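First chain A sits with chain B, and in the next complex the same chain sits with chain C.
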Partner chain A sequence: MTNPKFLVIGGGPSGLSAAQDIAEAGGDAILVEKETFLGGTPKKLHYSLLAPDMKPVEEVLDPLISSVENSSVRRLLGASVKSVEKKGGRFNVTIESNGTSVSESVDAVIVATGFSHWDPHKKYEYAYGVYPDVIDFKDFEKMLSDEKIVRPSNGQQPKRIAWLLCVGSRDKQVGKFYCCRLGCAVSIKQAMEVRRIHPEIDTYVYYMDIRTYGFWEDKLYWKSMEEYGVKYIRGRIGSINKGEDGRLIAMAEDTILQRPSEVPFDMVILATGMEASEGTLEASKLLGLEIEEHGFIKPLESDSMPVSTAVPGVYVCGTATGPKAIPDSITEGSAAAMKALNYVRRRTIKVPAGA
Partner chain B sequence: MTVLQNLPRKKTEPVQSSMVIAGARPHDDQTEALAASIFRDFKSDFRYKEYVLGCINCGECTTGCPAARFYNFSPREMLQIAYQDDPLVLLDAMQEKIWACCQCYTCNMRCRFGNDIAGIISVMRELAVKNGLESAKEVLKPYSRILLVVMTKGTQVSPDMIQPDFFADWGPFAVARQTDIKTLRKAIPVDVLQVTDSSWEVSMQTSLELFQIYKEAGVVDMLKSIDPDLVEMIEDIVDEWREEFEEMKEKYGIGV
Partner chain C sequence: MPIHEKSLIDGVIEKEKAVVDGVDVSGRWNTFIKERLLTDYHEDFVQEVKSLQGGKTVTNCWQCGTCTSGCCLHTDYGLREFNPRYFIYLAQTGNVEELKKYENVIWRCISCNKCVERCPKGVKVEEVVHAIDEVMRKRGIAEDTPGSRWDRTYLDNIMATGVLDELGLTLKYVRSEKPADFTRGFMARMAFKIIKNGNVRTGPIRRRTKGWKKMKKVADSILEADGYGSTK
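== the complex of A and B ==
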């Protein structure tokens, strides 16, 4: 009997975790990654520290990456799946890697194709792309990891920074009805990081709800006030204008004081939401997976079978099924690996029904 | 006990507490009955469910609102009042605040919950007129001449009728533009007959039919509570026309 073969699409936290667990269980895993490196979006966009333990992203992901690199996992970088054909319970896939085409026959597929950050250009009133000092929080994450906090307009250190939560989330106007789950935590973490390096910079977070669920409440939300002096304004910035001195003017309603507020800022950081990545949509088309109402891949049962799909032998994990934090994605990767391994085991060994 | 000052008031206290917050005059039983009736009509209006969905209090509507910059007015507050169940607070908002809205619909464009805030304010305005609120009378006073022409002739307002005297809030630019309206009107590309004292001639029959529609639709009754003299004037004119029209029909043997 040949060793069961698994295809893992996507080399981010969940894909790495799935591939690692399959290899550890003795399966043959092929890991296909579009980029030329492993680690997914956190690595690609140079995330800085991870909430809530303030650990550098390398410290969290590098052990996972090296464990995959030192295992039997066959890694195809700069590669993408071009076609999938289901035949006799197996999947015949064509993978294009660095210009060459590879054909493989696998027993099960794990989709770990992830998310992308929402493009804030579509929210025109925030003037993203018009004023250089209005930036996306993924761009600011890169600034933090480079330890260079400067205003893009003049290269000087900002005196006052604002974060605006829920840009491209919880918004019917742009068709994104859901919460991105991480915007609050990441923004607060960024503000704490700023205050840690530069206590002289004033940091303000504009929010309508702070959703630092679970342990993030005290580790981020409370701590940011108690220890870092991050300030919170309850109300959303409705538009961003430019003042005479070149600073940004954030127009908002302070909904607690119930009056309009106009505050000058040197930088405004937009906490953009999450949406399904292009790779996720491609994978759903290739494998015939259903897309749910928010645009992500629909799991078979979102409550009891979150990593299974309607297609037998195809499993899904990480942010391909919706917004998720890195630890959750890693957990789901393992869960998908387990489900896939069991699927193959059931097919090769006759197991009584119900087992 | 100073610590407890910020807690919500107890339910046993009279409803007046909320009225005080909203800045209303003290009310009597009559006011309460009026508020209850308006509240009922408001909540059962077919547009209510469509316009008022919910509110996450983000404040983006108020941020973009031009009226909020100049008046004690907030679309978010209006929506909250529309969403909540306090008849007296609703009535109070309808006395003055709703008239600050300039119906630009920026709040609708901004609202991430998809509420139609300007729309629900116009429903409130309708109810204010229907119930003959003093505030509505005050606000609509400058429009009586316009209403007279619209309701009798069915035409738009003629430019000559809009005079600065009626609009205290007109800035100097609006007044300056009004002085040479004949020339300015010539610049309008569409056919406006180049006149400023009337818009276009509407046949007597059309005017009578239109008035019938106003009557059936309840517009006349609505106006009665605001300006009974105006309605009387309009009815006199229409009655006269009707007689004239009947005479014409008889004379030419039409529709006998």
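== the complex of A and C ==
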């Protein structure tokens, strides 16, 4: 009997976790990654510290990456899956890698194609792309990891920064009805990082409600107010204008005061939501997976079978099924690996009915 | 449009003669509403409150309103303007102009400490409200109030010998404040009762703490470090 073969699409936290677990269980895993490096979006966009333990992203992901690199996992970087053909319970896939085409026959497929940040250009009233000092939180994450907090317009250190939560989340106008789950936590973490490096910068978070669920409540939300003095203003900014002195004017309602406010800021950071990445949509088309109402891949049962899909032998993990934090993605990667291994085991070994 | 129900609106301005952009609008069009737009937040106020011993927990508040909904003054006594949650928000955002409207309300806290017991975020509401009041008076935003004058008289009294002289305190306070309920007859009856039972000693025979001179120096330095000024 030949060793079972698995295809893992996507080399982010969940894909790495799935590939690692398959290799550890003795399976042959092929890891296909579109970029030329492993680590997924957190690495691609140079995330800084990760909430809530304030650990650098390298500290969390590098052990996972090196464990995959030192295992039997066959890694195809700069590669993408071009076609999938189901035949006799197996998947014949064509992978294009650095201009060459590779054909493989695998027993099961794990989709770990992830998410992308919502494009804030679509929310014209926030003038993203018009005023250089309006940036989105992935741009700011890069600034933090470079340890260079400056206004893009003039290169000077800002005196006051605002975060606006729920840009491209919980918004019927842009067709995003769901919560991105991470915007609050990441914005608060960024504000804490700013205050830790530069206590002289005033930080304000414009919110509707703060959704730092679970242990993030005291580790992030409470800590930010009590130890770092981050201010919270309840109200969603309606539009961002430019003042005479070149500063940005955030037009909002201070709903606690019940008064309109037009407060100047040096920078406004938009906490953009999550949406299914292009890779996720491509994978769903190739494998015939259903898309649910929010645009992500639909699991077989979102409550009891979150990593299974309607197609036998195809499993899905991480942010391909919806917004998720890195630890959750890593857990789901392991779960998908386990399900895929069991699927192959059931097909190759005769298991008595009911087992 | 002329403004009706002027009594319901905060900040109505009525002018005898009004000229807008060179056009005389006196008469029917002479009424204006004060601008409500909030144009800035100020960080320095909350920093000053936080620097006081009582104001350390001011930034813990997340505006749930547990304190206000159980407040004796707000609910039982019915002083609806007394809203500790709101005072804390105004202090956090440094809204001095709005705080000023409550200068004659904030000091009325009777320190029942229900709010401190109930606060889910560990805000020492009672202390914070007093610290806000303190900063307002320090900055000259609020004038001295009966409450602050009582605190000062009390502190001076106890700092004299280290032991409170109740009779001396009451007499001094009543003489300067002249509260309506404290009539001569009432005071005399009260003084007679407490002197008779011998528990209260005043004037030259008032109680003293042994070695108070040395201890006073320490107490003074603590008060000064906490921002309450000297009692010398």
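Definition applied: the second predicted complex is superposed on the first by the 355 of 355 C-alpha atoms of A that agree within 3 Å, B and C clash if a C-alpha of one lies under 4 Å from a C-alpha of the other, contacts with A are read in each partner's own complex, and residues count from 1 in each chain.
Going forward, a residue touches a chain if its C-beta (ideal position, glycine included) is under 8 Å from a C-beta of that chain, and two chains touch if they have at least 3 such contacts.
None of the values given here were measured: they were computed from a predicted structure.
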(message) By the touch definition at the top of the document, which applies to A:E125: first (chain B), second (chain C), both, or neither?
(response) first
(request) Please work out whether A:D254 is in contact with chain B alone, chain C alone, both, or neither, and reply first, second, both or neither. (result) both
(request) Name the contact category of A:Y204: first (chain B only), second (chain C only), both, or neither. (result) second
(request) Look at A:K231 in the shared chain and tell me whether it touches chain B only, chain C only, both, or neither; answer first, second, both or neither. (result) second
(request) Please work out whether A:V263 is in contact with chain B alone, chain C alone, both, or neither, and reply first, second, both or neither. (result) second
(message) Per the contact definition in the header, classify A:M338: touching chain B only (first), chain C only (second), both, or neither.
(response) neither
(message) With both complexes superposed on chain A, which partner does A:L77 reach: first (chain B), second (chain C), both or neither?
(response) neither
(request) Considering only touches as defined above, state whether A:W222 meets chain B (first), chain C (second), both or neither. (result) second
(request) Please identify the positions on chain A that touch both chain B and chain C, taking each partner from its own complex. (result) 254, 260
(message) Help me check something: in the complex, which residues belonging to chain A touch chain B?
(response) 125, 166, 170-173, 208-209, 235-239, 251-255, 258, 260
(request) Using the touch rule from the top, collect the residues of chain A that touch chain C in their complex. (result) 202, 204, 221-222, 225-226, 229, 231-234, 254, 256-257, 259-264
(request) Mind listing the chain C positions that touch chain A in their complex? (result) 36-41, 43, 46, 50, 57, 59-63, 86, 89, 92-93, 95, 98, 121
(request) Write out the stretch or stretches of chain B touching chain A in their complex. (result) 56-64, 68-69, 74, 76-77, 109-114
